[in-house]
């Protein structure tokens, strides 16, 4: 269980996060939503130890995250950044193997993300979307209890967006991984997440099961949109419909 | 094409002519630099060991008002004010001494820093230049003319030549010995030697030896090169006073050298042997004694 | 080419071949059989002594090249920049200062300690100082350490100039000092050579232990931190190892500036960028090439010796430009 209590991050006199509290259990998929500048990336960075906390704490399995050494923390939390640069032109297989729990886990992860034939391709020869899948595969291969991904769908083709979310959901269910995903696509979130966190100007304004979040009018307020909820093929879709009335 | 030797000759003849005719002294030193002296200089600044020793040896010690550079000899000048050394030379310091002649050698830091500013200010400067042994004698003659002490300079040159002849006499009929002269080394490597045309190379010849190297390229050699050249005697000019022939002999690969196996390794102080000044004749005698010890063991 | 048994065999062949060629070259060329009989000979003639000297010298050259190549790989990994090289954090300034003290200071215990030790202490010491200052100032990123390195190198360089100006006089050969700074082998032999070899092997083992984290560092210091790399501590450790290797190289070979930059590059183009095989192959290839260059330095203008560093720059730079042009065509 990851427990976040009253997290506060201030940088250069601007409050990036204020009084954020929530929990992430193993086996559940939680989507983090919000408009740009709401503090999603800051929250994710605070979670993985890349941002200094001005107040509050993050506890992983009962211990503050700062009390873990770098190596221990890496075995608890896998992180996929929003943007990833590659200085060294390593092969896809080599990258996924870095930090993998075992070579078999690396091979399985490659297969899960349709990267089997890419194993000997150099990373810089891949497109943005393909690289994103490589980093997701790498995170999965680490077989950690928790996985945090910052906008993994951003560069992916539509097919691979759903595909990636399916894989993450599968990891949550079969390997009991607690997954936190930052997403921009609301429907992707409502379809694949168990729970939704909604951020607005540095605070958490909604923490609810996916279905309830989809129906909530807080969405409309936060995004400044009028959303139409409709059910298609048994699934609830949330569609932007213009200015609020 | 005019070589340095020609310029020396011209300059020396010119100077001699002027002195004899009693006119105002105007001479050209070997660099083509024209020196105009209304009278023999009485306030001399001499820079760097060779120049200082030369001025003193020619007999103008009492006229030196200032020195500069790493001068350690003779004792009689060490109390004089210094116009610079390790960290550069000061034009102001020179001017403060109100000199009527500044004596420097071409290619030194002193000349690089002072020659132009001083000559632009009208201070007479004497620029000595030297390559081989004969050119050392030549610049001393020119210097003598500039100081108005030509006959003293001539006596000095003669005494140096007498030393050389003395050595030649002692070594008469002895076959020349192959000599490897080492002027520097860094640790166990980077052995430096001298090329033909350098006064130390002349020194080897005057001391009854033959430089085993006739290098055109870099003056750095390896033990292999030395072995190939097969010197009879090895003379190491050392900076480190603790260096001994045994230490030299223990260098990696040096046991292959015949001179090492025959214990013909001599260590001499670099500071004494490589000053191109009045003591160079004595240096030749010391070198001769190192190359032909039996000839001098009387 | 993918690193594997074939590439390792080729690299070993290059290493051994380089040493063989280097040993065959010199004032006179010698064939391999003569070399072997010379080393094996129990009652060495002077020819054998010289050949044994030559063989030990090229082994020394190999070790210096291997150390510089390994250090180059680590520096490039630590700085995440293929233009980094082993002398970035003060090693050359420190090594040169140590050498100047050893050559110019008239203290007897210094001559006993010797030039290589002083150069090593100066080289390694300078980088340790940079790392120490960075630690104390809480500078944990490579770019910050680089700035500290630049400042210290400037300070040490000034000190060296000052000491040289003050101490150099007619009794000292500045030419020999300059030659050392340009780079050239010190001819380690016997136990010293074995010790040098053992220390180089130690550096290789230590470097290989760092390899995986150097790979991870390539993702950026932030991502690396989340993958279990304590970036500040790792950089300090990696650079300490690299500086040790650099110190060994400087002690026995002077400041050979170009080797640690191009060997890792060229080897990367050959076998890829993963650090573990890169370290091993670079050490072998770098050592082999330097051994050949040493042979060239002793034979091209025989009996003169061209300072090795001059040669590596004169030949290495155009060769590198050639590789660069072909790669970008």
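When the chains are written out, they are named A, B and C in that same order, and each has its own residue count from 1.
Please note the rule applied: contacts are C-beta pairs under 8 Å (C-beta built on N, C-alpha and C of every residue); 3 or more make two chains touch, one makes a residue touch a chain.
Not measured: the values here are computed from a predicted model.
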Dominant chain pairing [most C-beta pairs in contact]: B-C
Farthest chain (mean CA position) relative to subunit B: A
Between subunit C and subunit B, distance of the C-alpha-averaged centres to the nearest whole Å: 39
Subunit A-subunit B separation of Cα centroids, rounded to whole Å: 80
Centre-to-centre distance between subunit C and subunit A (centres being mean Cα positions), rounded to whole Å: 45
Residues of subunit A defined as touching subunit C within the complex: 48-50, 69-71, 73-75, 77-79, 81, 84-91, 94, 98-99, 120, 122
Complex contacts: residues of subunit C adjacent to subunit B: 26-28, 46-47, 49-50, 52-54, 56, 99, 102-104, 106, 108, 111, 114-116, 162, 165-166, 168-173, 175-177, 179-180, 184-189, 254, 298, 301-307
Residue ranges of subunit B touching subunit C (in the complex, touch as defined): 49, 70, 72, 86-87, 183-192, 213, 215, 217-229, 239-243, 251-253, 255-258, 261, 269-271, 274-275
Residue ranges of subunit C in contact with subunit A within the complex: 2, 77, 80-81, 212, 215-216, 218-220, 222-223, 225-230, 272-275
